[in-house]
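Order of writing sets the chain letters: A, B, C and D. Residues in each chain are counted from 1.
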Amino acid sequence: MIDAPRVELWAILPVLMLFGGGLIALLASGFARRAAQAPFALFTLAALAAAAASALWLWNRETTTALEGMVSIDRLAVVATLALCGIGAFGAYLGFHYFERDDFRRNEFYALLLFALGGMALLVAAADLIVVFLAVEVLSLALYVMTALTFRRGPTEAAMKYFLLGAFASAFLLYGVAMSYGASATTSVQGLARALTGVGGSQPLALVGALLLVVGLGFKVSLVPFHMWTPDVYQGAPSPVTAFMSAATKVAVFVAMVRVLDVAFGSLAWDLAPAIAVLSAGSMILGSVLAIAQRDVKRMLAYSSVAQAGFILSSFVSPEREGIAAALFYLISYSAAVVGAFGVVMLISGGIREQTGFERFRGLGRRQPVLAALLSVFLLSLAGIPPTAGFVAKVLVFGAATSAGYWPLVLIGALASVAGAFFYLRVIALMAMQEPRGVDIADPSPLPRLVLAVPAVTVVVLGIVPGVIVPLLQEAGVLTW
Amino acid sequence: MIRLPLVLMFSALLFSAGVYGVLARRNAVMVLMAIELMLNAVNVNLVAFSSSLHQMSGQVFALFIIAVAAAEVGIGLAIVILLFRTRESINVDEVNLLKW
Amino acid sequence: MPLDNVVFWVFAPLSVATAIGMIVVRNAVHAALFLVVNFFTIAVMYLLLDAPFLFAVQIVVYAGAIMVLFLFVIMLLGVDRGDAPGERLLGQRTTAVILAVAIVAELATAIRAGIGFTTRAPGGFDAVNPGGNPSALADVLFRDYFFPFEVTSILLIVAAVAAMVLALRRSKSLSQREIETHAGDDLEAYGLAAPGAPGTVGEPSR
Amino acid sequence: MLTEYLPIVAMAVLAVAFGVASLVVSRMFRPHRPNPVKLSPYECGNDPVRLPRGERFSVKFYVVAMLFIIFDIEIIFLFPWAVRFRQLGLFGLVEMAFFIGLVFVAYIYVWRAGGLDWATSVEAPADADLASDSPRDPMAAADEELAAAMHDAEVAGAR
């Protein structure tokens, strides 16, 4: 009898909570075909709370790998899972409000949201390239279906484009994993690191494998040469799905990139850094420039998220602890701002048939002062203006890049953020100084405004007092697996 | 036995044929077929490495890829059918409601 | 052994030819049939690389199930009238060719440089396949990779949800209130409301 | 090593040869006089079911094909498990029980979501009631929606 492997289920407790929640929500949506959405939303929030609690419990577990080396338990995964649960909670509430307003009943939305989050929580804790691939597939498939959930023409096209380019990216990701498997005879991140440092591994194959992995994951976080799908999908998808997708996918995939690039291909860091710097610079410049030319807020936010991905990637050129902590801080502040911004856009755009052109935001300050104020805070943070967390994030990221000696990248980043500030402030000016036109179809209900105040407060508090979480992130930056 | 680089070159050729297929074709179903071709090229690559390294994990991974590809095709074609319902055509170029 | 090389040099060009055929041919059904032949040639490749179980799986899953789905959708949507000839994007084909050739070149150099460490040809598999391929596969699959195996079931569940949510009969999927309050151009696609019906919101959305 | 597969190759060649031969021989000797009645799709005598624009047959065939793939993949994983069932022991049993249990959840959901309901024909969409909020009889809901839509059209026409 072959001895049974040790199964440490406690190691992936958050993932089990999320997948379990997803299964229950799925069965409930199967049996209660016409039930009201409120219990589903509440159950989703409960599952997210349970996952966050179990992630916190993992904080002071000793760092190791579990389940035959497939999953790793470390503080990086815990911080990322907490951020994902936060984003998921907002995604669930915004989705509930969005579907409730037009009484468009799709209870499977909550099951899909939980499955996507489970895939992301697994991705941030993955210690084996096979688990990375499967987690990326689970989260992507769930997101494709969520994008097409309202069957209107826009969302269906967005889902089609997202699917085609997502599958294309997965094929590249796979080819990269196959090459690195060939180079090191193992798919585990730790084994790869050991093989590449020793004589056994074959450097050229591993380098191609790493580049193909960066291409595959670059598609998912919409870095420049692979960002073509982003504006169409962010504009086409329903706003709550866009809010959840833009924030959560970036957190999950960037944390996976940290693990893959810093640990698995650590020894190749010297060869990979120039490629990463080029990708980051390209994303920063093109993202900001293209965003200026937009007449639709969602499309502008899509291009701005391409630029933000560039900023986050610029911290990857320094693989030490400080670079990872800067990336984590940037991810948290970016997620809070972008989820809030898309939430406000959803409230303004008038339900399922969304109109998010600039005319919709003209003179918003007069008609919806609260929404205009909230959106201004989020846009200020995305632009990186001092009182908000976006500014601190940019400082940290550029600090990490300069300490790694990539000061030209920082220069490009500074120029890009100045250009970026222009199109963010233009929207704020549009809301404040102009006269409103057309009928006001903004959503009057007070509860969403309260809910969206939470990310606004986080963004401001993190901006003024970043010391609250920076030391924790420093600890999370220590990577052994 | 066949030499490993030959098989790797063969799968590289298939992979690039798939890449060309995805970029050049305009019919959504044909793009999906090209993606399947790329996944098959990766499978051949993995099995070749598994055979040359005398390990089974390459073949196990290829099995997972086949399972994932099947689920992915199912969802892709469901979206294609939905697209056809709302737009009468699945020509990827005509899907430009959200253009620039 | 000459037999393996002979089989390889027969099936490898055949599968590359069918792959290119699939991409070039106009009619979708012909492309699908090319792909089926390609799947069979790749299945033979697995036989050559000592993976008989994958040979069977490839035929059962790819040629048996996935291609059925492809042909079904082609027939369902009648897309077999073929592609509109001519090019929409400027230089779409040329850039695609350049990209494909670049990838082949890059991979070729990497393979040429990288294969230094395994100079010997892929050896026999009897050392690793004691009880035959499936049982050796089972030992590794259900012992070392048991966790990804369970995650695959989650993937199948998401696929089932997708099939139910997206593909199940959807002609009247819009809720009743939606028809009354948001009668707009989207609804014409469903042939439910005449254009310009009451309740269109403020200014036209397009 | 490949020689052991020769019988399979021989059988495959024979099968293909038989198929092709029968087609060729019948093509050579059968009369060729097509007429519209013969060319219309045969549906056990009654005239073909009218379908929404552009689609040749109902999509529920696609749903069945999709479900077939999902459970086909499940079978594929069962093959190696069954071969090594004895050696995998209790751990293998529990592991496969989880896998089968999870895919069974998918099956229950599909059953409840109406994926397997074959009886309801295309014209009376079983899920019309899914989307409408009032939990009334599905048939009534479908007619009401149609009536509401027609009413909209007349009002628009009258204006």
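Throughout what follows, a residue touches a chain if its C-beta (ideal position, glycine included) is under 8 Å from a C-beta of that chain, and two chains touch if they have at least 3 such contacts.
Just so we're clear, the structure is a prediction, and the values are computed from it rather than from any experiment.
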Pair with more cross-chain C-beta pairs in contact, given C-D and A-C: C-D
Length of the line joining the C-alpha centres of subunit C and subunit D, rounded to whole Å: 19
Gap in Å, rounded to a whole number, between the CA centres of subunit C and subunit A: 27
Intercentroid distance (Cα basis), subunit C paired with subunit B, Å: 4
Chain centre separation in whole Å, for subunit D relative to subunit B (CA means): 23
Where subunit D touches two or more other chains, by residue: 52, 54-55, 59, 62, 66, 69-70, 72-73, 76-77, 87-88, 91, 102, 105, 109, 113, 130-131, 133
Where subunit A touches two or more other chains, by residue: 2, 4-5, 23, 26, 103-105, 130, 134, 137, 141, 144-145, 148, 151-153, 179, 182
Multi-chain contact sites of subunit C, meaning residues that touch two or more partners: 1, 4, 48, 50, 53, 57, 61, 65-66, 69, 73, 76-77, 107, 111, 115, 124, 137, 139, 141, 143-146, 148-149, 152, 154-159, 161-164, 166-167, 170-171, 173-175, 177, 186, 189
Topology of the chain contact graph, where touching chains are joined (line, ring, star, complete, other): complete
List of subunit A residues in touch with subunit B within their complex: 130, 133-134, 137, 141, 144-145, 148, 151-154, 156-161, 163-164, 167-168, 170-171, 174-175, 177-179, 181-182, 185-187, 231-232, 235-236
Subunit C contact footprint on subunit A (complex, rising order): 2, 4-5, 7, 12, 19, 22-23, 26, 67-68, 70-71, 102-106, 108, 111-112, 115, 118-119, 122, 128, 130-131, 134-135, 137-138, 141-142, 144-145, 148-149, 151-153, 179, 182-183, 200-208, 350-353, 355, 359, 438-439, 441
Residues of subunit D that touch subunit B when the two form their complex: 52-55, 59, 62, 66, 69-70, 72-73, 76-77
Of subunit C, residues touching subunit D in the complex: 1, 3-4, 7, 47-48, 50, 53, 57, 60-61, 64-66, 68-69, 72-73, 75-78, 124, 131-132, 134-135, 137-139, 141-143, 146, 149-150, 152-154, 156-157, 159-161, 163-164, 167-177, 179-180, 183, 187, 192-199
Residue numbers on subunit B that touch subunit D, as the complex places them: 63, 66-67, 70-71, 73-74, 77-78, 81, 84-85, 88
